[in-house]
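You will see chain A twice below: alongside chain B first, and alongside chain C after that.
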Partner chain A sequence: MWRACQSERHLGQYYTLPTSHLHTIFPHGLPARYQQQVKTFNEGCVMVRQPALELISYLKAADYSKPAVRYLLYGLKGSGKTMSLCHTIHYCSTQGWLVLHIPDAHLWVKNCKELLPSSYHTSRFDQPIEASNWLRNFRTTNERFLSKIKLRQRYTWTKRESTEKGSPLGELVDMGVSRVKSSSDVVGAVLKELRLQAAETEESEGFRLAVAIDGVNSLWGRTTIKKEDKSPVAPEELTLIHNLRKMIDNNWCGGAVIATLSQTGSLYSPSSAYLPKELLGEEGFDSMDPFIPVPVSNYSEKEFESCYLYYLDRHWLQHPHSENEGKKEIIFLSNRNPSVLERLCAFL
Partner chain B sequence: VSASSIGRLVMLFLVRWSRYNPYYLEPEPRKELYNMPETELTTEQKEERELKAVRPIKATTNSTTSSVFNDPVLSKFVNMMMRDGEKILARGILTQTLESLKRKQVEKYHKAPQGKKAEIECNPYAIFHQALENCMPVIGLASIQKGGKFYQVPVPLTDNRRRFLAMKWMITECRDNKNRRTLMYEKLSQELLAAYSKEGNVIKRKHELHKMAESNRAYAHYRWW
Partner chain C sequence: MGEDPETFTQQDIDRSIAYLFPSGLFDKRARPLMKHPDEIFPKQQAVQWGADGRPFHFLFYTGKQSYYSLMHDTVAKVLAAEKQQVLLLSEGPVPQDTKPISLVGSRWLLKEELEELLVETISDHDYARFIQLMERLLSLPNCLSEKDFVQRYRKQLEIQSSKQQVAPLQYDENGVAYSTADGRRKTATCTVLLRDCGSGSISINGRDYLHYFPVLQDREQLMFPFHFLDMLGRFDGQCTVGGGGRSSQAGALRLAISRAMLSFLSEGQVESMRQAGLLTPDPRVKERKKPGQEGARRKFTWKKR
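What follows is the complex of A and B.
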């Protein structure tokens, strides 16, 4: 179980995520097929790959008194961006950071069942279901911080309800989970508090904030949500997206923003697009600029060998011919793309 | 029915349904035969090679592969599951079935204690073939007319017919007798696992056919072949 001491020597090797970590840190973060794999093999193993190691070394070397650095993972479809993100989040969690993980920002801009007009700002819209789900998962991930962080400001929700200054963050989160109507505003308040308080120095019980967003290109694209008069809703008009955009701006210190591009869930973008300029668009690129791009590619030969041996060890590759002649076929068919390889080996 | 031309490999095929001229040769998808060096060829194979240099070859079907993972029984099963020519969908269902079979078995394997691990079969192909074998009837019934009436006469079945019946029963059972909301691959994997352990509706149907054949034993002499 190597956590903070992973280095280039361990490239291509697998490390096991303890089951307790899987339930606390990743209630909603892992890709669906990977969750199935964890259930089948009765363990969760992640491969140590070069992009994740690079990110972790940048995080170790960064200066946290300066404004937050933004990292962007990009690459072809299925090359392992979400898994690298999860690896980095696991590292941050074990180092004691507060992790703000949005598993898929695309889910917030499409298929919205309930859209309420926001009470705080008349032209914006609230999404109570998504916000309360996220708050629940946030509570599971960051239990230990909820009692330590105190609010700096008083928040009034309705005429009768308000959260006082100095009360713990846990109270705010519980309120958001129970009062579904104002959960989007609670999300905004939580983000603002964390942004202000992350800048504390280490000595006075400060914490480092890691904002991890999967599918960041949805924040500046188009939505498929429609208002009651059938006109489309722009992303700015959604409270959740608006508050997330404020998090991504690098005007706060004491943490990092790690984002992943994703074409799979994105709306109105061609399936061959994977570069940041194409997926983020003009507006997105200007807001994210300057950022550190981290390319994620298909498996190298060594990584492919390691994955193949892992599947053999877990009794996953069962076809009698998959040992020798079949291996060349598998390399040819999958082009060493991690997700294609996984789907191919699923029925072999 | 007519025989093809010169001596060696006499093939009987129905002239009526074949659109190819008899001198077209069958295609050979297996890679090993092309990699054999000159010395290992028998006279027959050498003559075949010379023939291939001059004669044209028939076109193959789309589902012929030289891949090591090719399985003729599975291809036949996919063709039987296919509706309206949607082979991609049928093949997708089959791959999902194999995956779900493997997932269930591997999960059981990893949770089992050390002693029980060797008994659990994780290979979905082995399970599929064994389940089909368990479903194949040994004896069948043919409808023979004698003296104005039709009698159900017990009759031996060829291998092809037995395999066809097993696959047909499996597919119809999964399509008709299961819950409408479950997906086909889930239904198929449950039924295949049951057949592997000799339980389930398809095995029951096979036993009923055997019982009918046993009860109609008296008419067995009506068969003339």
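What follows is the complex of A and C.
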């Protein structure tokens, strides 16, 4: 269990995530293929890599009385951005932070089955299903904070329903999960409360807030959702996206925003784009600016060796040539890209 | 025209005809040509009988006179060789210092080539009998005297590897060895510059090969020449490719890489590459669509009525 004491000495080595943590912290965060690997190997092992260590060192060194710092992980497809993000989230939660993890912001701008006009603001649209799913996962992740944080404001949902000031956050979340129709507004309320309360210092029951968003470029791109008259919906017109953008603005203190760019789920962007300027667009870049970019690259030789040895150790590579001759072939075929390597080894 | 009539070869004649009568026809055999009449007109049998109607050859009435006369001569040689062998054995067991005729580097004439030689048609059965008889002749120990006779009916094969041209290695400013080559497959063309650096990185049209070829099959095609010669991490490649589709671009690159690697290799390795098929350009191209059919081979749906 090497939680807070990871340093450069441990670069390239694997550490195991305890199974309890896997269920609580990451109900929805890990990449699909990684989840399958966890199920196969019966344990979750994460490699300690340079980008994640860099991020953790920045988080340790940051000053939390100043406005929130924004970090952006970017890199080629399959180079390990989401995994680095999950590594950082694990660190944050072991340090006692409140983690607001949005596993894939792209899911909120496409394939929406139900779109309701928002009750709060007439020109906006709600997405009840996605919002309630997210609230459920949020509840699993941050159980212990739900009773500690109290609401500062009274929220009225309908003529009869309202949440009083001073009631715990858990009640609000439960209400959002059960009342699916107003779940998007609940999400907005939750975000606002956390934003206001994270600014307090640690002594007076404050906490540090980590906002982790995967696929942040979807917030400023286009959507595939259409209104009833077949005109496209702009991202600002979705309540969830609107509230998320408010979170990313660095006008609150006491936490950090960690974001990942993702080309895989993004809409209308060329597959060769991976730099922040290309994927975020003008608007996104201006809103995210200033941020700290953290590049994520393919495995170095040492990391590749470590990954290969891990697979051999788990008896994942069954081919008799895997020890020596096949290694060079695999290096060539995958060019040390983590996801390609994983897919390649899947059938060896 | 300024040409020297004394040293005017057939090649020069072909060149001049192609210049004087330019033709846009696709089939080379349909274009105008000027060659010796023997090469243009097929050989015909001369008249086989005289003024009195009596045939010259005694085997004329068999129908295939040249074939049967050839068989007749061969059998006579076989009998002569056997008789000589019997004579030698009766004189006492003599140590065998007669070597058999060397058959390496040549093959029997094909049926079509034999027909051309004899100027008459033979059946498959006849051809098989002829080859059987020649093999029998060769199996006898005293056949060295018939060497010329046998060689007339065998064709020499050229050694394929001597045809391979290997470009010499070039060196750039830093002393690093490099070589360039081209490759083509089915409308895809490419050029490759291989450097003997030590990293295994290959860039295609400025992009990484992992991004240019997301499919595993194409990357395996690229890997084949390196893997065959066990030089996987040694070379650094810069390629440009255009035309064709995904698979043909990969095939063209593979050919170009193999050709570029030739300058770094020894003779034996070049020969093994050639035998593996890495240096052969793939001749398959898209077949033309014919009129009256839907595609190259597919016919229109046949309706009975």
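Structural remarks
What we mean here is this: the second predicted complex is superposed on the first by the 348 of 348 C-alpha atoms of A that agree within 3 Å, B and C clash if a C-alpha of one lies under 4 Å from a C-alpha of the other, contacts with A are read in each partner's own complex, and residues count from 1 in each chain.
Here is the rule we go by: a residue touches a chain if its C-beta (ideal position, glycine included) is under 8 Å from a C-beta of that chain, and two chains touch if they have at least 3 such contacts.
Since this is a predicted model, take the numbers as computed values, not measurements.
Of the two partner chains placed by superposition, A:253 touches none, neither chain B nor chain C.
By the touch criterion defined above, A:346 reaches chain B but does not reach chain C. Using the contact criterion defined above for the overlaid structures, shared-chain residue A:329 touches chain B and also reaches chain C. In the superposition on chain A, contact of A:11 is made with neither chain B nor chain C.
In the superposed model, A:146 lies in contact with neither chain B nor chain C. Of the two partner chains placed around the shared chain by superposition, chain B is the only one that A:314 touches, whereas chain C remains out of contact.
In the superposition on chain A, the chain among chain B and chain C reaching more residues of chain A is B.
Contacts of A:272 after superposition on the shared chain: chain C is touched, whereas chain B is not.
Contacts of A:42 after superposition: chain B is touched, whereas chain C is not reached. Judged by the document's definition of touching, chain A residues 329 lie at the interface with chain B and also at the interface with chain C. Every residue of chain C that touches chain A in the complex is listed here, in rising order: 200-201, 207-211, 216, 219-220, 223, 226-227, 232-233. Those residues of chain A whose C-beta lies close enough to touch chain C in the complex are 76-77, 272, 328-329, 331-335, 337, 340, 344. Touching chain B in their complex are the following residues of chain A: 36, 39-42, 314-316, 318-322, 325-326, 329, 346-348. Interface of chain B with chain A (complex): residues 67-69, 95-96, 98-99, 102-103, 106-107, 109-111, 122-126.
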